[in-house]
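Supplied in structure tokens, the structure appears directly below.
Chain lettering (A, B and C) follows the sequence in which the chains are written, and residue indices restart at 1 in each chain.
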């Protein structure tokens, strides 16, 4: 079933030594003269770190930017929710960090499934991000001497994470938002809030525009440009319950995929180990508790299966600090995929926190004894307060209860070194693309990648694309725009006409449970086959029995959600197919058939050291799998160990 | 950039004006209270009348005029700025109100003193007009001390405060002054940017102390006169 | 789990900005104490959808109190009866079985209602565009440690910067003033050395735009701080006024 899509999957990695590739590429890239830039327009979808950063920087450079977001203001893009921090290889702590070390940690953390050249560039740019953010007024934590503070995060042994309390994502995003605001005032960026991209318009093989729905009025609108940048984030809400915002969706990506952008590694999903456990069927989301908690919190379960005593009644000798036991070198700071799976192993064996069979303890008792309550409150007070509000339980006194939750998707649209997808002129940035994190993302690396793509990579690679010229006119009256708009209209009309008996939430919940059970933390052939069948049936059920109240030409969030769910019902199947085809375990993708005797992930580098990129073949057709081989010239591929 | 005038009449400018004029009015009220203390001297009103006479004739009568012009200007700005903030702009900014409003409590400073500023303020203004009318633009009995004839304002005061209605109204208005100062005192610091979390609690205590002191000072006077002063002797010595 | 409750709702419904609105009463059954307030509204919308009635529109996104999207006036208080929470963080255990809860949109002229409980807060964006930034083009930044910033200043800047732009300050202000929002940004940047260059201009420009949007003026009631989910202090408003005075009298 694998076929080589070599011609379309050329990563276009510049030649030369790894450390010089990006600089050399910059020199080889074409330029657009300042006076000519305003003649080019660029559509950027999304206003998070990647999208907003790209839009603002393109605006600063003088391009005409049209920037879209589904939120009521660009400042609410979901980057806002990232808590813990952002990595950079500054080595301010003199603990042995370097560009090479960050590169190494990221490739290893991604279980050798990321593209070497992209990761190295990311590692190089990480330092510029900190400088840029500080210049914008991002209030990173400081030492008393006035220098920047750092902390450590999972999966690494240096302190390279910069942070702004537990709101690093928010502060970085507000930096982006302020840069965007300045460009809006300068007239270079035109902002379209409450606009949802519902289709990509491809003219003569090149991305030339989008169709949007104005979420306030329901009106469909056409927008044309010389290049399109998608930075619309990930697709974790395919699991229904995830740490993502309720409006996060894959529709822009999926619509682009249907128009010819290949989807890479859709099965690579990150299940974050520390979220507040699920409590009931009514729930709309899972709340993340920052990974930084594992710096001081100790994870444990009762040694005895089925122990229902309250945590404070369980004596020290009857507790199993399983992360410290299994991974002495990294202890509670093992990478996310390892920590999440370890929690599942314990719970599957019947050892869990008292509240739910799917929860473990995260205990601060030792930290409070060592540091004092005030220090712990200073570091984690806001998270503790959030936890207490949700569970009505005080983490200073009783250990927190946590459980893994879908969080981040490493998969996304396939892009080359220039972040260009398989559609010419369609660039994909941030979580929406696939390239930098391989099969597992390390903590504090998502913000790094979003900023690197947005501020530094997209503006340069888009300029190079525009400099090549030969784009020609593409008015919004073009047939391709007509066709795209009427297909969107048809789709939304049909959603409203079904008039069945099941709500959007109801069907989404069912999809989510199916995904979580079969395509979640552990996967196997039987379950995946079964899931593919179930999802197909659920898709039919959706199109025959959905109930969407309200009108199309009005604000109608139920309709918005229905459109997104329709796409999740297709993407979910692709995720299962990808997981099925990848007959190995790597990073966040764990196939129960492929594990070591100790229960760790077992890669198959001979057969699967590649990117799987799926090509859409039409409704009712199975997508076609292509591969991009990965080669590691600067790093020794090893079995990942955190023992 | 905007003209100085438009900046001065901006939302922040109006607060600065209210705060500045507020401080000036507090200064005036303080001096006034000190002057009133002469009424407590058991000299049949001699000290008080001399004080009034001095004010009217200092610098050939110019001092009082300069003060009056200044005070009227301060009053006008204080009232205009405050009324636009708490009345006209407020109504414009929320044409449709809530069906249900509850005070948030906690760190909020909202309460009767803050919400009644416009009422206490307007009442105080009406009071000042009547007060000035009574002391400046009415016929007064005269009194002569050591050959100098002057208005016997003491008699006017005592006569007035022997009437329970006037004393009652006066006390009510002075309690309202206390309320006005309870919010106005710290608020003036806040409006002029002279506040931060470090000073907030101290300012709140000071505001309370100020409010009570001023109200008590002004309230004590009519009660004292009502209960303890002799009826004035017409014509003096 | 816990005992389920029946909740009576009085919700403001309005078909569009131009339409007249009014309260509509609903009863939601099987509400669990551990549900969030918005999950309870989700439940109501499920029930309405099955009856073919249009859902009650309300804004919400992250559901963990950081994005600033949600915002309702619940029982007369913006973001509900508890301090330091957003609407999405309000839990139903704070209400009792059979209780009637009035739910209204944030009300202010510069926040026009779009539909039901959804309001347009783009006025905040326009204020930000006038000066809520430090002019620092990509490529021009010095090393992050080049200018030391005292920890106390960085902490104060962070306190102010934690504003999520939800608009509860406006909603709760008896005057519908945006002073807390505007001052938080002015204050944040005034604490940082990078923000000094544009300091005076920023304060004047942002205040001027705040007025142009027709927000009310501030009477120092302090309701804003009390409802602010991030507890942004009104000391920032004092600081904004200081910045404004300096800007007006400066060069």
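The working rule: contacts are C-beta pairs under 8 Å (C-beta built on N, C-alpha and C of every residue); 3 or more make two chains touch, one makes a residue touch a chain.
All of these numbers come straight from a predicted model, not from anything done at the bench.
Participant: Which word fits how the chains touch one another: line, ring, star, complete or other?
Facilitator: line
Participant: Going by the contact definition up top, give me the pair of chains with the most C-beta pairs touching.
Facilitator: Ranked by C-beta contact count, first place goes to A-C.
Participant: Starting from the mean Cα coordinates of chain A and chain C, work out the distance between those two points in Å.
Facilitator: Computed from C-alpha means, the inter-chain centre distance equals 27 Å.
Participant: Using mean CA coordinates as chain centres, what's the chain A-chain B distance in Å?
Facilitator: Roughly 63 Å separates the two chain centres.
Participant: Starting from the mean Cα coordinates of chain B and chain C, work out the distance between those two points in Å.
Facilitator: 38
Participant: Note which residues of chain A are touching chain C in the complex, please.
Facilitator: 56-57, 60, 71-76, 78, 80-81, 90, 92, 128, 130-137, 139-148, 164-165, 167, 170-171, 174, 177-179, 181-182, 184-185, 191, 193, 216, 245-247, 279-280, 282-285, 287-288, 385-386, 389-392, 455-456, 459, 499, 501, 503-506, 547-551, 554-558
Participant: Enumerate the contact residues on chain C facing chain B in the complex.
Facilitator: Interface residues on the chain C side: 10, 12, 23, 73, 75-78, 81, 83, 102, 104, 107-110, 172, 174-177, 179, 201, 204-205, 207-208, 210-211, 214-223, 225-227, 231, 233-235, 237-245, 248.
Participant: Chain A touches which residues of chain C in the complex?
Facilitator: Within the complex, chain C contacts chain A at residues 1, 16, 32, 34-36, 38-39, 42-43, 45-46, 48-50, 52-55, 57, 59-69, 82, 84-85, 89, 91, 93, 114-115, 118, 120-122, 124-125, 128-130, 132-138, 140-145, 148-151, 154-155, 157-158, 161-162, 164-165, 188-189, 191-192, 194-195.
Participant: Can you tell me which positions in chain B touch chain C when the two form their complex?
Facilitator: 1-2, 4, 6-8, 10-16, 84-86, 89-90, 92-110, 114-115, 117, 183, 186-187, 189-197, 200
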